[in-house]
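Below: a set of structures, written as structure tokens.
Paired with subunit B in one complex and with subunit C in the other, subunit A is shared by the two complexes that follow.
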Partner chain A sequence: MDEILRGGIPYGSTVLVAGTCGSGKTTLGMEFLVRGATSGEACAHFTATEPSVKLLENIRQYSFFDMKMIDSGLINVFDMDVLYSWLGLEKASFDLQDVYALIKAIVDIVNTIGVTRLVIDSVTTLCYKIKSEQLIRDFLFTLGKKLATLGCTTLLIAEITSATENAHWSSFGVEEAIADGIIVMGDVERMGHLLRYLQVVKMRGTQHSRAKYAIELTPLGVMLTPMLKWGALNDRAGSWGA
Partner chain B sequence: MIVLAHGVLEMFELDNGIAEQLTEISLNSAIQVRCGNSNAFMVTASTMVPLIQMFEMGGIYISASRGAVEIIQAFESIGIDVSNIHFIDLVSSGILGGTDVPYDNITFIDSPIMLESILLRSLYRLRTTDNPRNFVLIDSVNALAIYNEEKMLAEYLHTFINTFRQREVLTVILNIPDQVPPSVLSNLDLYCTDLIDRGQVVIH
Partner chain C sequence: MSREVSFDPEDEEFFGSVGSFGVPKFDDAMRGGVPRGFMMIGFTDTGSGAELFGKQFTSPAEESDNTMYVSTNESKAEISRIFTKYDWPQDIRVRTLGEEYNSKVLEKELLASRYRLEGFKLPDIQRLAQTRFVEDNTQDFLTEMTNEVMSMGPYFRGVIDSLDFFIQRDDQTRVISMLRMMQAHTQMYRGLLLLMISRDAIDAATKQEMAAIADMVLEFKVRGIGSEFETSMIVSKFRNAPENLAVMVYRVTAEEGVTPETVERIV
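Now for the complex of A and B:
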């Protein structure tokens, strides 16, 4: 990834990782945290799509991950449901006040622990509770700005489907507008087989590659190679959500 | 030497000329090894044995022509230990029950059309090996050509060879020339640094 980005994600950026189901978004997010934790950075993961216990159980299969990083507090995993409960936000939809309470809670956690790498998985699940597009925009913009001020580099994981992929790189059409970077992940179908791919669409402050890369989720982490150009003639978007 | 192939006892001797030729080759070389239908295993073994025994190399064997178990057992039957070699099997996933095997040095890939996955799995295996010197062997281009379009295969081999040459991993590409599309073959001639030609003469 650092090679594709010609160095890496700029410090303090908010990056949207948009992808279809099973495309490797969570693994990429977790690897991003592990690489930071390995060099001594404090990291946090807010999980809204699955309970933290299940997330950690799934991620244990990767040899790049070490449970000691959790035990030592280098990687902190928070269940969004627990956070909602603390904040008294166990409701179907959020208003402006709720959104600001949520931003404050996340920023307070980041500030208290000194988090420099953060993953929110997924921002789509979180934004489902925010009914107005304007409020979603405010939420993401304010959160991104506050986190950047704290020097925190953030990955916002977003779920997309084929319909949204053609039009936008996000479910609500506003996430990509506020992000400093956009990484798209998905599947291409080649003669009935699904190949995972990753493409950096935007990354402010870098001379990044815009090519499409095939990826494999190996125990050592996400590995990439450029997709075959002649393959693209016959490859089509995977039918599972892409 | 005796080898049990397809249930038939055959006599063959390793081709020492191949071992001699291999002594001249550096790690960042890409060797095109041409063989025929009837001498394919002899040529493969004559290439593999010096790499494993003389040069003490580890490596990756990408099996597109036959299942990895069949290849491992063929080597075992001539007394060659290939436990230090990791096999990437592109054949057995297409057969129900084909991946239930008693060897742990095999990775299965669903299909020979997943060319990028083959490259990435090979790179992953090389990153996990302790061997200081490694090779990666494709068996064979003609098997890959059954499933992959000519231009895509030529592009893939170009990427494949350059990827491993850059990493100082010896690349060995087996092919039966008269079963390989002409443009792929001419590209192999161009990209490979060395040629071991044991392709049989075809009289038309």
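Now for the complex of A and C:
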């Protein structure tokens, strides 16, 4: 992944990881945090798509993951439902004040524990509670801006139903506008097999590859291999851990 | 529910086979009082004096620590004021679930607005990162209530005013199955349990089902006659003693509480 990005994700950027269900977004996000935690960075994961208990149960099966990172407080997993409950946001739709309360809480957490790597899984689920598109745009824009000033590198995970060429890489059409980078994950059919692939569509500040890479989710984590048919010539063959 | 309960012969003699309503004239009308082991349901109208009747029912308090009064809409202070006024024993177990519920909800709302205003402090964040489930702030009052009743010993006396609270928050079939458990416990321990519920809170089928579980059904009614109100209690079910079915018109007085004026047999 770092090679595809010619070094990695630029510090402080907000990257949209848009993918279909089961494409490996959560796993990729967690590997991103684990890498940070290994070098002593404070990390945070906000889970809205699944309860944190389930997330941890799944993720602990990967060999790259170590529960000690959770126990020691290097990776902080926050259950969105718990956060909502603490903020009195147990309701079907959020108004402007609620949205600001949510941003304040996330920023507060990032600020207080000095989070440098953040994953929000997913903004799609989170934004379902925000009914107006203007408010969603406001929310993501304000959040992205604040996180950037705090020097936090953020992966915003987005659920999409299709990852075809001309599909939107977001459900609300606004996520991609505020992102410094877009990584798309989806399925592609090849000789009767459904293969997972990953493609970096945009990444400000890097001369990244735009090729599609086949992904394999192995017990070791996310493995990437260039898909020759689409692969750029100068992309070295081989596989890397993200 | 095949557990055998053994009763102390001295207790058997002391408590006898019936317990007082706390209203002598009612006891007379019911040939001595309520048979021990009965669970009673009172279907109530607002303004019928049923709340007072419920409190008065605790007043015989044969054993104060085995007598329980549960209120879902009054505060401890209000209850105490009425018990003091009538000079009924106050050393009984009193629980005010409405008050407990409100303070829980209020506490949570206060905390939420504090978090929203002042933000999270480090210890809050650490706690948040370790909290995996949403705390059930309303807690399960129905289970707690049932457990409370189930923990009462032989010859207990208990009043729950009212089941409306549970009907509004829980699934009706759950309330019904809890009623069955309480009925079985009351019967086995020869307790006396009086449950109140507003007629408006339930549909006819639920009322019918509750009446079927209960050993005795009391209907508290109020009707306007000219500028006056007439309050009455109809005993519409009395297990094994249909001859006790009756309509009693009563008054609420400052001295005696609920006092029957006329008793009319139905059979």
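Going forward, the second predicted complex is superposed on the first by the 222 of 242 C-alpha atoms of A that agree within 3 Å, B and C clash if a C-alpha of one lies under 4 Å from a C-alpha of the other, contacts with A are read in each partner's own complex, and residues count from 1 in each chain.
In this text, a residue touches a chain if its C-beta (ideal position, glycine included) is under 8 Å from a C-beta of that chain, and two chains touch if they have at least 3 such contacts.
Being a predicted model, the structure only gives us computed values, none of them experimental.
A.B. asks: Using the superposition on subunit A, tell me whether subunit B and subunit C clash or fit.
C.D. replies: fit
A.B. asks: Regarding the shared-chain residue A:A179, is it in contact with subunit B (first), subunit C (second), both, or neither?
C.D. replies: Neither partner.
A.B. asks: Touching A:I136, do we find subunit B (first), subunit C (second), both, or neither?
C.D. replies: Neither partner.
A.B. asks: Does subunit B (first) or subunit C (second) touch A:M30, or do both, or does neither?
C.D. replies: neither
A.B. asks: Could you tell me if A:L156 is touching subunit B, subunit C, both of them or neither one (first, second, both, neither)?
C.D. replies: neither
A.B. asks: Look at A:A42 in the shared chain and tell me whether it touches subunit B only, subunit C only, both, or neither; answer first, second, both or neither.
C.D. replies: Once the two structures are laid over each other on A, A:A42 reaches no partner at all.
A.B. asks: Should A:S52 be classified as contacting the first partner (subunit B), the second (subunit C), both, or neither?
C.D. replies: The answer is second: A:S52 touches subunit C but not subunit B.
A.B. asks: On the combined arrangement from the superposition, state the nearest Cα-Cα distance between subunit B and subunit C in Å.
C.D. replies: In the combined three-chain model, subunit B comes within 33 Å of subunit C at the C-alpha level.
A.B. asks: Taking the contacts subunit A makes with subunit B in one complex and with subunit C in the other, which residues are shared?
C.D. replies: After superposing on chain A, no subunit A residue contacts both subunit B and subunit C.
A.B. asks: Using the touch rule from the top, collect the residues of subunit C that touch subunit A in their complex.
C.D. replies: Subunit C residues touching subunit A: 108-109, 111-113, 115-116, 119-122, 125-126, 128-129, 131-135, 137.
A.B. asks: Show me the residue ranges of subunit A that touch subunit B in the complex, using the header's touch definition.
C.D. replies: It is residues 190-191, 193, 195, 214-216, 218-220, 223-231, 234 of subunit A that touch subunit B.
A.B. asks: Which residues, counting only subunit A, touch subunit C once they are in their complex?
C.D. replies: 51-53, 73, 76-79, 81-88, 90, 101, 104-105, 108-109, 112-113
A.B. asks: Taking the complex as given, what residues does subunit B use to touch subunit A?
C.D. replies: 110-111, 113-117, 119-121, 123-124, 127-128, 147, 149, 151-152, 155-156, 159, 163
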